[in-house]
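Down below are the structures I want you to see.
Here chain A shows up in two complexes: once beside chain B, once beside chain C.
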Partner chain A sequence: MPYHKFKCSECIPEREKHAVTKGPGEDLTSCLPLGYLNTIPGTISERGCAYCGAKHVIGAPMKDVIHMSHGPVGCTYDTWQTKRYISDNDNFQLKYTYATDVKEKHIIFGAEKMLKQNIIEAFQAFPYIKRMSLYQTCATALIGDDIGAVAQEVMEEMPDVDIFVCNSPGFAGPSQSGGHHKINLAWLDQKVGTFEPEITSKYVINYVGDYNIQGDTEVMVDYFKRMGIQVLSCFTGNGSYDSLRGMHRGHLNVLECARSSEYICNELRVRYGIPRLDIEGFGFKPLSESLMKVAMFFGLEKEAQAIIDEEIARWKPELDWYAKRLQGKKVCLWPGGSKLWHWANVIHEEMGVEVVSVYTKFGHQGDMEKGIARCQEGALAIDDPNELEGIEAMKTLKPDIIFTGVRPGEVAKKLRVQYLNAHAYHNGPYKGFEGWVRFARDIYNALYSPIHQLSGLDISKDEIPTEVGFLTRQMISDVNINKEETTPIEERPYTGDYDCVTKLRGKTYPRSSEPLSDAV
Partner chain B sequence: MEVSLEETQKDRVEQLVDYIMKWCLWQFHSRAWDRERQNEGILTKTRQLLCEEPVELETPADKCYWVDAVILARDFKATYPWLATMEKKDIKSLMQGLKERMDFLTITGSLNEELTDPKY
Partner chain C sequence: MSCEIKEKERAGIINPIFTCQPAGAQYASIGIKDCLAVVHGGQGCVMFVRLLFAQHFKDNFDIASSSVHEDGAVFGAVHRVEEAVDVVLMRYPHVKVIPIITTCSTEVIGDDVDGVIRKLNQGLLKEKYADREVYLIPVHTPSFKGSQVTGYDVALEAFVQTLAKKDKPNGKLNLITGWVNPGDVTALKHLLSEMQVEATVLFEIESFDSPLMPDPDHSAVSHGSTTVEELIDTANALGTIALNKYEGGKAAHYLEKEFDIPTIIGPTPIGIRNTDTFLQNLKKMTGKPIPQSLVRERGIAIDALTDLVHMFFADKRVAIYGHPDLVIGLAEFCLDLEMKPVLLLLGDDNVTYQEDPRLKAFQENVDFEMQVICNSDLWELEDRIKNQGLELDLILGHSKGRFIAIDNNIPMVRVGFPTYDRAGLYRHPVVGYAGAIWLAEEMANTLFTDMEYKKNKEWILNVW
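Then we have the complex of A and B:
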């Protein structure tokens, strides 16, 4: 096994099996790190907890819901929905965060009474919101507060409200991924099948595992609607509580992020016979093939092809403009889970960048299988890295840019390595054809940022060139462009709008002309 | 030096494996029994499409396998021109080799310790 030992982790020998280098001739039977294990004491993991995974990642994007945490206010504040999962109802779920504010006295005397009062007050404060998700935390789980019983009591007293109970305290798994698992199954057990949705098309899907980061879900739903497909529910980006209770009426579960939501798809298959189709919204080729697969399931190939042709004609010249300027740039692909494998190959194929490392904070071995299978030879794959390992990897691999989260991103900046926010994006959405160009634009803007170039000069010791004027991005990037080559006239930088999502709201779509008799 | 038929097939299987690994996700479901079903369902239908045989589309699950198989067969044909030069019996043998290799890489030889977890 081609394990990689970090110098900084020599004092933690167990870490060795968490990093591998994909060498020549290696395959998945010889090259796979350990994963999804309890964090090794002393390694200072950057993972989130199971409560965070349940609430912050999966539950909280639901848009018409009060997301209440039963626990100390810190748990709530730190999982305040800061991941830019927007919604089309004025971002209700992003504006407020709710907690029972448990203190020491409640640990001694119990906090159920206070929980009930908090739930009722929250519903009274927002009388137009009738749905709530309620999250257990470590402290309240350890004292044995029965949040399910309290929720039941409130629902009996207030018959017009509905409460979902998520029992995923922070310690309920090695990482946030444990929380993904728990909330998937809890939603299925408690809520799916308790609401009958209106069926408006012969072709009905649940769009699962997308969280509407800067509008990703809305972009994908637009494609489906243009084909005449009814998107019954979105799990959970821009998703409404009641639509997700009706998931059992879908004909097909279309799954994006398997790491966070394959559990509900697998169980919907077992319990309701709804098949699971894995798709990808990132990259022209994977997206085109994904749209075509969904279309073929329903016999809508012509509709899908028309969309694919139109979108590629519109956006390919702009992707090409950036790809020409990104060739050979070295990338560390260090996201949380699924983008590790969604992006590992297609950013190389379609943008020409070289992936020199992949890592996942909370992914399982299955995620690493996909990531390692897709990344290039020589890449370093790391499971659950700590900050020192990240720094050592950056110094060794010398990447031009890191795609990661905010915390490791700020560390990268201090080493003068550019970073893009792979979790919440810089200027997303990144899904969809236009979104993929926006991603390329963000990479380009980061790599060739004039201020980034200037920041390499230390005015206390470097000689500052005075004969050179200010260089724009394109002056820097086009040094690498072969002037002899004829640039196709249509190639150009991004020409889309600053906001490409809001205009999708309120759009009208053709209703399915097919009879609906088979639909329900 | 002349390359044996066996070596040619092995090399071609590896090319097809590489394509699947780079562009597909269906082979990486989370449990061994799912991977067996996926590999069997999709690669069988891909073989049938490449050999112009009828494909069963009775159940929603069949349709799911079929859509992945159609895309894969199209991509194989577009990427590997040598497929068009092969006899159907040779394609069958190639696809059998591919299935065995995929089963090894993703199931029987896999280092993924979660594959045998009895629950989702």
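Then we have the complex of A and C:
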């Protein structure tokens, strides 16, 4: 029987089919856990709501937009300064958030009039911003405010502004994933095709499903630009509103997080005939293959190979230094959605860690299928995990480290399990070749922290080595490493900068040498 | 020269100072031992609040959700409360108290939470959990009323309304702290202990700061430790002191009205003067004298402040935002420190702020231009700095306003909730004499660092 029964959940029979152990030779279809079902009340699930999936995950990374939520203040407050989607627009989208501040009288008499006033005031406060995303919330959805009509009215009165409307109240779906879906389609229906972008290359892509966490998007866009590709839009990390209105002019949709944004790619294929190409920005091999896949679409293999060779020559010795020291360390890979499969095998193959468990908070069965197919035998796969199940899994699997969010990371801390932030990263970006080394570095720093080692000592009964004044990470990690035999001279710890993203912003790129007239 | 009190003129909020009511109720709930609240609403209403607590305390706090989805929003979701209570009780055998905290969605659809609690009390609890002591408490906190501040106030009132029962006098004081940090509770308990006053502290949250132990099974869970028995016994106290009018005032009034318990509301003991008053109130209520040890402790604080006030603080222009009692207390302390709190921002639509005697005292007495903005947001502060020429030497407020300080090169001391962009602030008090020292020295050191970064008479510290 592949299903895994948690002791703590024996009293909730509905949970029985939400966890499986990947046994040797077992057929994936017989042991796929259930997914994307309504949450069981009272379980202390880690899920968020459909509003946050729409606004906080996908909408708000857009960098030149007033992000206004129509509802009481809490939804806005909660989804503000709780993620690390940076931008080259002085982080405008991180700094400012807007709530219409719906109060009891509005619940009773309607809030459309005050919504209009809110919109006008916000544009007045930021006269240089002409774009807005407007998000429905539970309260205003229930009273039936027609926010689309209000947006239309304002756009007619203020011809220089453009407003996007997203109807994704918190209750609209089992998890944040419902919101991803809704905003994908809303953007496509309302905005794609309403702006004609300037085409400057023969090779034009939309980079979709990356949210520029600590600069991920900017790192990937750098590679594409070095290949001579025009990145028409980024959906939505560091993305600008108008560029995303021009997505219909892309030749190829390059998709990272298929969980959050495959919907728009699929529809762009149906409506505009733009093919979808799924890629992976994490890990040397998947990333190299991904860059080559994009290159092959356009016939840019030579350019891609040059980048791959240069980057691997620069960063491989540093990845290897860490990989040697991470061998056999046990990991629980417990992200939100897509990293379940993006990281499942590559952290094992390239860093040598053993993935003992995978989980997804809001993924669907398709995500589990990919994750389980890729992860190692014996791994425990959990759908919509709850607090007690996570604790039970950590106690039985005894991982050295878990990759998860801020709050579950605090739970792990108390169990003496180290944690890295899988959503916002510790010191990212983690995408790109350099980013992957940064990830390895962060894992290493966590695992070989002298303080972590001290945390296991009980001064009341353990033997305390009183002659030791300090330990370095390497004194702990290199106990079993014979340096002369196994460490080629060029292997070294990370040598990059603390901030490896800002410097990309001023870069100039060679323009495509071929005449643009040949462009589609 | 005057103090003007007015409301924000815009309809909406640009960068909120507060989140909504359910967050305040959740903060109150984690102060009670063996308590696990169920928030009746969408999952975001819990997930983000837990994240906020985790950001502030760098620790995890458990709160459950009824996880209302679309079907519940359409057809009603009270059955999800029943299921949540059952699941919590089955899986958390220690849980005794379950506040059911409502949100905007479940208040709009009109779910009868009081009714479902009656049903659970008569049904599930009698049938399945007959041998367990369980208290279900309805907490009505629609997000479209008040703010996190009123949410805390409403929840505390609901706790005592449901639990407090008249019995023999217990000879103890009820000390209602308001929304404070563990460091504040330590400082307050220290003052009580020096005065030899026994008190029921609502809430005992020193245990929010929990240890990581060598044996993980002994690592503590961060949670408050005020017991349900203590809450029941609040009806039998010799008196109640509620330090924050707007966070706990309602509960204090309820106990006064219902059980004739002598009650003093305020002041928030921030600064020397308000701490003096707090000790006088303790003395008045218990008859206990103020000991020499506190005279001496006060002297140490006064000694520290004397080194700072006229040399560094005099006439420094300060803006303060956050919880109303905190902001007012800080402003009063700033005045005693010779500073000029030129702008106070109170972040919700509570119309009674304008009648607060402490604000009236500002109006009657301040000798510089001062503004108090009610129903404020953080744009009221930023707009004044960027577009209206407001000059400031210092900002006092929580982390959500950090970019105002960063982008405008104004030194800022993090104070209030949340303060996630500075390490360990929850461990330090702002109340009592210890809080006065911490606040003043934190402000001074922040100003000093700023002088050095800006090369603004940084050499003056050579011979200080």
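The definition used in the following text is that the second predicted complex is superposed on the first by the 505 of 520 C-alpha atoms of A that agree within 3 Å, B and C clash if a C-alpha of one lies under 4 Å from a C-alpha of the other, contacts with A are read in each partner's own complex, and residues count from 1 in each chain.
We adopt the following convention: a contact is a pair of C-beta atoms (placed from the backbone, for glycine too) under 8 Å apart; a residue touches a chain by one contact, two chains touch by 3 or more.
Remember, it's a predicted structure, so these values are computed and weren't measured experimentally.
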Winner on chain A touched-residue count between chain B and chain C: chain C
Touched partner set for A:I12, first chain B, second chain C, both or neither: second
Examine A:W334 and indicate which partner it touches, taking first as chain B and second as chain C; both and neither are also allowed. neither
Which of chain B and chain C A:E410 touches, first, second, both or neither: second
Just chain B (first), just chain C (second), both, or neither: which does A:V102 touch? second
Based on the superposed arrangement, let me know which partner A:Y77 touches: chain B (first), chain C (second), both, or neither? second
Who does A:Y207 touch here: chain B (first), chain C (second), both, or neither? neither
Let me test your reading of the model: by the given contact rule, A:G456 touches which partner, first (chain B), second (chain C), both or neither? second
In the overlaid three-chain picture, which partner chain does A:F224 touch, first (chain B) or second (chain C), both, or neither? neither
Same chain A residues contacting chain B and chain C, which ones? none
Chain C - residues contacting chain A, complex: 10-16, 18-23, 38, 41-45, 47-52, 54-55, 58-60, 62-73, 80-81, 83-88, 90-91, 103-105, 108-109, 142-145, 147, 210, 212, 214-216, 219-221, 349, 379, 383, 399-400, 403, 407
What does chain A use to touch chain B in their complex? 27-29, 32, 34, 36, 185, 251-252, 258, 262-263, 266-267, 270, 273-278, 280, 285-286, 289, 292-294, 296-297, 341, 345, 349, 364-366, 369-370, 373-374
Hey, which residues of chain A end up touching chain C in the complex? 8-9, 11-12, 38-52, 68, 71-82, 91, 94-104, 106-107, 114, 117-118, 121-122, 125, 137-139, 141-143, 169-175, 387-388, 395, 405-408, 410-411, 413-416, 455-458, 462
Listed in rising order, the residues of chain B that touch chain A in the complex are 21-23, 25-26, 28-30, 34, 60-61, 63-64, 66-68, 70-71, 75, 104-106, 109-114, 120
